[in-house]
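Should a chain be cited, it is by its letter among A, B, C and D, assigned in written order, with residues numbered from 1 in that chain.
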Amino acid sequence: MRDAVAALVHDGDTVVIEGFTHLICFAAGHEIIRQRRRDLVLCRLTPDLIYDQMIAAGCARKLVFSWAGNPGAGSLHAFRRAVERGEPPLELEEYSHFGMVSRLSAGAARLPFWPLRDYMGTDLPAANPLIRSVDCPYTGERLATVPALNPDVTIVHAQRADRNGNTQIWGLLGVQKEAAFASRRVIVVVEELVDESVIRADPNRTLIPGLVVDAVVMEPWGAHPSYAQGYYDRDNDFYVRWEAISRDPVELGRYLDRFVHGVRDRAEYVERCGGLERLRADTRVCAGVNYGY
Amino acid sequence: MRDAVAALVHDGDTVVIEGFTHLICFAAGHEIIRQRRRDLVLCRLTPDLIYDQMIAAGCARKLVFSWAGNPGAGSLHAFRRAVERGEPPLELEEYSHFGMVSRLSAGAARLPFWPLRDYMGTDLPAANPLIRSVDCPYTGERLATVPALNPDVTIVHAQRADRNGNTQIWGLLGVQKEAAFASRRVIVVVEELVDESVIRADPNRTLIPGLVVDAVVMEPWGAHPSYAQGYYDRDNDFYVRWEAISRDPVELGRYLDRFVHGVRDRAEYVERCGGLERLRADTRVCAGVNYGY
Amino acid sequence: MTAVAARELRDGEVVFVGIGLPNLACNLARATHAPGLVLIYESGAVGAEPARLPVSIGDPSLVTGSLMVCGMADVFQCLLQNGRIQVGFLGGAQIDRYGNINTTVVGSYAHPTVRLPGSGGAAEIAIHAHRTLVISRLSRRAFPERVDFVTSPGHRMGGRTRRELGMPGAGPVRVVTDKGVLDADPESGELVLAAIYPEVPVEAVRDGVGWPLRCRPTLETVPPPTPTELHLLRDVLDPRRLYLKG
Amino acid sequence: MTAVAARELRDGEVVFVGIGLPNLACNLARATHAPGLVLIYESGAVGAEPARLPVSIGDPSLVTGSLMVCGMADVFQCLLQNGRIQVGFLGGAQIDRYGNINTTVVGSYAHPTVRLPGSGGAAEIAIHAHRTLVISRLSRRAFPERVDFVTSPGHRMGGRTRRELGMPGAGPVRVVTDKGVLDADPESGELVLAAIYPEVPVEAVRDGVGWPLRCRPTLETVPPPTPTELHLLRDVLDPRRLYLKG
């Protein structure tokens, strides 16, 4: 992970670490904080704790997003301090979920924009001049548009991949596929590095082909406190605790010192968490299907 | 099948029977011929033998397509007779594969059009005035557009579904998902009708949700001479034989009398084919994945 | 409040479920009069049957045993924009006289006094769902005459109607609060008092909104939660009181 | 011809494979100098390793054991339009002086003397693939001065260049025939003779095209197929002579 981030994530980059609740790569976010990247344009539908931490650590110049809360637990206070009091200053570019999804769909298709039926009657276009419109060449109907999002680097967490980056994901898919195809550089971080034969045994399960992937990193527990279906559960208690930690800048600083700057890598982080076995997933294996002919 | 077609396919309908080489529902096509539907607007990327037969049987008023050949074997002669000699007259609306895929993507998203970077320098827009263009509201770039395709009825063949139409497909996916979501009415035809628990055991395998499906029909061997991955192989010999059959209108008439009008249902068709066991798929079952948490 | 919202759902309907009380209401409806309710979460789980009360909209329990899991592009394009969602649930920090909802900022957008999470999927749900239901506790702060920012459109925005703006859905037809139920007037689109809870005086509801609240000619009384509903909510669905207060 | 086409492929390249000779050429390349070739079929199979010679572009053997199977919307939007395809293979009933290809009609579009299959994915492959290779037997009928219908654009269409028309790919840079190899002239975009097969006189090639064929200053001679190449083609890849004639 250290080498992948050093080689592929640069100061000033537009960065996407995606995953909708599921498969959020905290391991990569922490490594970016440790390597003290600066002036990043951070893009995610839901900034979540990972971007709250990166904002607090001073990595971010700008945030591109659609919902900035701590799901079911409260606020992202580092984000709120930045926006409400400019501590530190943070530029915002705001859409709705549908808008962010469409930006990545356009990026993945290498189209400059994406049309959607949205935003009429809302104040969002007034708040974001990049939300525009186009007239249908058939019906004349006016549709909203969002511009393509083509990040410099996207980091995707997944259950498994082979060494060439052929990546398989199940459970919630979010916009992992669109983000990977939209990006100039792609890092895939997996719970398990598997032999190519495992991928080839069930090709319909492959979401991202190796030909768009620049680096593959194996990092067990790399998504904690987010989760990986079939590997470990979401650490909901930590999400709840984050409300208190992030509310107090000093507390938040202590957290970063202890769990991010204070550890060399993910293994040490897991150790410092006192191990995460309590979150280990139970077994609900589905049946396979027949690829014969 | 008889009831589903009687209830959901009407004279003059715009009909999509999709499946790219894989999962082409010949059973439905034959039933539509038996019920003597007329003036249909038939849409498919590759008309294939199924639409060649429906054109010969006089079901079609118009064909919307992107590649009209007999893959690896020759021509669709009923189609060619209609176009080259007007026997019978057939209206054409022609795109490329990318254009047809985009028309169904727009239909599935209920957008009136879809933008794509295509057709510059080709004679296709001159041949089809529905291929138009739109200017990007960000870059000013001119992009091609195709209009949404929203069929009256789409018939999707699949490996399995539950009684509510929650449908799972593996192997080549073609545009089955887009066609189903784009359509006003949807018939799903499956090799196996399975219990809902089978679907729920592997929800990532579900391509079409029951909430868009109007009828589910179980029809083993329903795709022959096309194929169903994991169930039976493509009948390549028949595709080769079709070259001779379709070249001679009399031969083609005899084929329809014997294998379509001359049988009551799919079971009798399979019988008349002398059974299809020779095409039964061998076993290449993949491993399952863990949905636990 | 949750029980009242649950009764708004009809068996077999396709519902776009938000987290918190809406999720409770949907699962209560499934456990009582609407076993055929199809729950869709914006995270991509379709026909979910969560074995535990999901803490987040992306909880793994929404995936395991669901009918389908799809990417979010499919959720918004092929399900929501496609018009397959019959009911959407919304909440908000501010709801105004015409059902416009604000989940973006308190104060100005450029210099907010309180920065709220933003739209998420709320803007498009309010636009596309056949109808939306709003659940919110009543208070003058939460029900101003006009919201500071329109995140999710209601029935009248800058004097223009939904139809004029080309919105497919009917919008927030009903707002369920802890004191009474407000309906959107079919003519004006204004929220009016349609029903009150037992022992709640109309004045108590009037005091809870920031505009002169009109009443339906005949005010209904909301039947209180049945023992079954209370048992399911407190002992089965939310025993740890994640969402139920008091 | 197939062996010569195979040599045009570099190890590790991502190739959009057509059925027939292109498929043979790609599998020959994989079996010889380019084991890392990534085969992508428009049907959605990525990194296919067919255990038999696929009769159609959608053969089940392309799926079993492949690296990924995706829907066709992803093939065209996320792979082809995204610019991930380095080499595209095209064939055609007519190829003209500027590499324009016709697979639509012989005669007029409204009243064709011969109706051909149409574009399929050929139009977008010719536009987006970084470069395209054309395989076709040489004849005046197949190589007219101008095609009856431009299905897949070459280097000059109605006097306009690919760059003027905003095409991402370089187009048909090389045409491999059974008598010689034609290259697109970097300046004019015109197809010129670059190499001939042993014992084939230049006149034989000139007679096979419908325009005054220019020659490169120095004509290369195409090395004949090696015994290994012939063995693989005839005994391993196409023993039933599905595509190899004579």
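Note that a residue touches a chain if its C-beta (ideal position, glycine included) is under 8 Å from a C-beta of that chain, and two chains touch if they have at least 3 such contacts.
Computed from a predicted structure; not experimentally measured.
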{"item": "Pair with more cross-chain C-beta pairs in contact, given B-D and B-C", "value": "B-D"}
{"item": "Separation of mean Cα positions, subunit D and subunit B [Å, integer]", "value": "28"}
{"item": "Between subunit D and subunit A, distance of the C-alpha-averaged centres to the nearest whole Å", "value": "40"}
{"item": "Separation of subunit A from subunit B, taking each centre as the mean of its C-alpha atoms, in whole Å", "value": "37"}
{"item": "Residues of subunit B whose C-beta touches two or more other chains", "value": "110-111, 116-117, 141, 170-171, 173, 177, 201, 204, 227, 229, 233-234, 281, 284, 291-293"}
{"item": "Multi-partner residues of subunit D (each touching 2 or more other chains)", "value": "45, 60, 63-64, 69-70, 77, 81"}
{"item": "All pairs of touching chains, each written as two labels joined by a dash", "value": "A-B, A-C, A-D, B-C, B-D"}
{"item": "Interface residues, subunit C side, partner subunit A - complex", "value": "19-20, 42-45, 55-60, 62-64, 69-73, 76-77, 80-81, 100, 104, 109, 112-124, 127-128, 149-153, 157, 160, 162, 165-168, 242"}
{"item": "Residue ranges of subunit B touching subunit C (in the complex, touch as defined)", "value": "108-111, 166, 177, 181, 196, 199-201, 203-204, 206, 209-212, 291-293"}
{"item": "Residue numbers on subunit D that touch subunit A, as the complex places them", "value": "14, 38, 45-47, 49, 60-61, 63-70, 74, 77-78, 81-84"}
{"item": "Interface residues, subunit A side, partner subunit C - complex", "value": "20-22, 45-46, 65-69, 71-73, 75, 79-80, 83-84, 94-98, 101-102, 105, 116-124, 126-127, 141-142, 170-175, 177-178, 227, 229, 233-234, 236, 239, 281, 284"}
{"item": "Residues of subunit B touching subunit A in the complex", "value": "110-113, 115-117, 130, 132-139, 141, 143, 145, 147, 159, 168, 170-171, 173, 198, 201-202, 204-205, 227, 229-234, 281-293"}
